[in-house]
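Down below are the structures I want you to see.
Below, chain A partners chain B and then partners chain C, in two separate complexes.
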Partner chain A sequence: MKDFMFVFRNDPSTLTDRSPEEMQASMQKWMDWIGGIAAQGKLIDRGNRLNPAGKVVKPLLAITDGPYIETKESVGGYTMVRAESLDEAAEMAKGCPILLFGGNVEVREIDRM
Partner chain B sequence: MENQELIPHLFRTEYRKITAVLGKTFGLEHIEIAQDIASDTFLLASEMWAIKGAPDNPVAWLYTVARNKTLDYLRRDKLFKEKVSGQVVRSSPVGEEIDIDLSARNITDSQLQMMFAICHPSLPAESQIGLALNVLCGFGINEIASAFLTNKETINKRLYRAREKLRAGQVKMEFPDETEIELRLEAVLKTLYLLFNEGYYSAGKDVTLRKDVCIEAMWLTKMLTENPGTDRPAVNALLALMCFHASRFEARTNPQGETVLYQDQDDSLWDAALISRGECYLNRASVGQQLSRYHLEAAIGYWHTIKADTPEKWEHILQYYNQLLILEYSPIAALNRTYALAKARSKADAIREAEKLNLAENHLYHSLLGELYLGIDNVKALGYFNAALGLAKSRADRLLLVEKIKKVG
Partner chain C sequence: MSDFAGFMIFLKKIKLLSSMAPAIRQQALKLKPYITMKDFLFVFRNDPAVMAGMSPEELQTSMKKWMDWIGGIAAQGNLVDRGNQLANEGNVVRPAKVVTDGPYIETKESVGGFIMVRAESLGEATEMAKGCPILSAGGNVEVRPIIRM
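This part shows the complex of A and B:
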């Protein structure tokens, strides 16, 4: 088994105008998806959400607002799972509800230091 | 109460008190002597009371006899007396050689300290449970062996090694200090949880014995809720969970001693008083920030006390199982979660998820898939029930599966 990180990306501006019912339904989908991974004993860490506000530090001390200055997409959170292969991990990510809301999941193997 | 009921009743309530107080007096390394004196006390009670009838105050009688037996023991065995006198004499009033403090306060404290000592992190879980049954619940080697579905030699060895380990680690009977209590209490709760499950889910045939194990686990947990130092939310949650499960005791076995599955139970046999006590403990657990696995399991238990199969009920159960699995994986939670998914969503959704579970060596996995395929593909369902039958070990499990196979075929 190898360890993988799911990096969730989406456009935060699409998330602001959702009704409480939509938020609730989306939460339920997330829980079902993560719960399904946990039920296989393959969840390492459910991870966290990242607040959309942030700063990007670049060389020459130029600090810009927002990590998503060039693109509208930003990292919204992460989760860590266990899988036999990158393919299996990617297969698990296909159930992620972020895909229903225009976001995507980057799947990366973790090389332990 | 007649003698034949009175003595077993008192044994359940007083054996651990006498053992705990004497264990505290002598030091944990001499726990066997404390147990022997407590057992002898009850032996004498059953002999004397059979002839003369029970005394007016049976508990006081037991304490007096236990005290006298202890003093006799110390008089007879000078070497032992010297070994323990350091501890005993310190707590005795001047002029009196030795005092055995059987005050209510010391009884409670000693029992709690004994619980912490037995659930010491240096002991493996099965030893903790064995010791808890033996020392705190007064179960004999035979009873423990039959509760664990093993033989007397195994239990004897296990208890021997556990006592050795406590001795070698110089584990003391004391209340953990404030910085340690959270962690130590977690170990105690885990043992009490396993102890309860041992009684509730064990494949052992003796229903009365299994029920006694559960009742004891509940007593010990209740004791923790009655002490300000240990009356924490997770403790109340654990007790709530035990109450909810125990409420179905009468309904889950038929008069032939066979298992009755949840959905087939007669809910008029569910114990309403125990359910409402469970609700009360669950309310008391609902303070603070921490959501323990006992909170989640108690919440699942609560929804199971509502018989009607509403989508709301199964949605709640599903979400609590999701959270429970995120907190801590266990095969049984994974299987139960998949069952809840079938109820809250659809059988097709659940089959898809079930097939991802890597639990093919578990008979319950095949039973679950059989159940899910019923009405969708009965040939497949039958195949799964047969596979489950091939893996099931206990007679009760096999009986259930044979019934199912008969119904499908």
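This part shows the complex of A and C:
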């Protein structure tokens, strides 16, 4: 088996105008999805969410405010899973609720040292 | 020339990891308590092509710089997780379950790896990121506060 990182990208503004009921429904979908991966013994690290605030440090120590590049595709969090192949990991990612809200999931293999 | 990927590849080549990892782990035991501090993710972005032309000497120089930088963070008790390098290949799963090959967006700014650090504030974490060797190879570091759930 190999380890993979799921990088979640979305538009943070889509999260702000949700009702408590919508947020609860969304959280339930995330729990169901991640719980399903964990139930198969394939969840390595449930990861973290990232605060929308942030800085980018660039060459010559230039610092820009805010998260990286397009705010519409800001990195919102990550999870680490185990799969036989990149294809199997991508199949797992297809269940991610972020896809229902215009976000996407980058699937990258971890290079263990 | 130095970058994160070059650093990792060099480690594999000369198998220095066995001597380096325990040192960092040992220092990580001094991790400051999570009380008034916050945790931050450093996301490293660079052009994977940069490392392709590195000589063994350049890789060694790069490795030394990364060890000094990460070791310095660990020595201050601020290294939460030394993170991982990401392989260059990858997929992106988009709405309607469309899967595209390759890592995200511009390969020149591909996510190459990450570490997690502890700091008083976003400003302090950003200061720590200024020492990252990736900056001297055209790469950059995104600094993001972790939301603990």
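Following the convention adopted for this analysis, the second predicted complex is superposed on the first by the 109 of 113 C-alpha atoms of A that agree within 3 Å, B and C clash if a C-alpha of one lies under 4 Å from a C-alpha of the other, contacts with A are read in each partner's own complex, and residues count from 1 in each chain.
Here is the rule we go by: contacts are C-beta pairs under 8 Å (C-beta built on N, C-alpha and C of every residue); 3 or more make two chains touch, one makes a residue touch a chain.
All values reported here derive from a predicted model rather than from experimental measurement.
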item: Chain C versus chain B on the shared chain A, clash or fit after superposition; value: fit
item: Spatial angle chain C-chain A-chain B, Cα centroids [nearest 10 degrees]; value: 100
item: Which superposed partner A:K72 touches (first chain B, second chain C, both, neither); value: neither
item: Partner chain in contact with A:Q28 - chain B first, chain C second, else both or neither; value: first
item: Touched partner set for A:A38, first chain B, second chain C, both or neither; value: first
item: First (chain B), second (chain C), both or neither touched by A:R18; value: neither
item: Of chain B and chain C, the chain that contacts the larger number of chain A residues; value: C
item: Three-chain overlay, closest Cα atoms of chain B and chain C, distance in Å; value: 12
item: Complex interface listing, chain B residues touching chain A; value: 315, 318-319, 321-323, 325-326, 329, 333-334, 337-338, 341, 353, 356-358
item: For the chain C and chain A complex, residues of the former touching the latter; value: 8, 11-12, 17, 21, 41, 43, 45, 84-87, 89-97, 99, 103-105, 109, 111, 122, 125-126, 129-130, 132, 135-136, 138-149
item: Complex interface listing, chain A residues touching chain B; value: 28, 31-32, 34-36, 38-41, 43, 46
item: In the complex, chain A residues that touch chain C; value: 5, 7, 9, 48-51, 53-61, 63, 67-69, 73, 75, 77, 86-87, 89-90, 93-94, 96, 99-100, 102-113
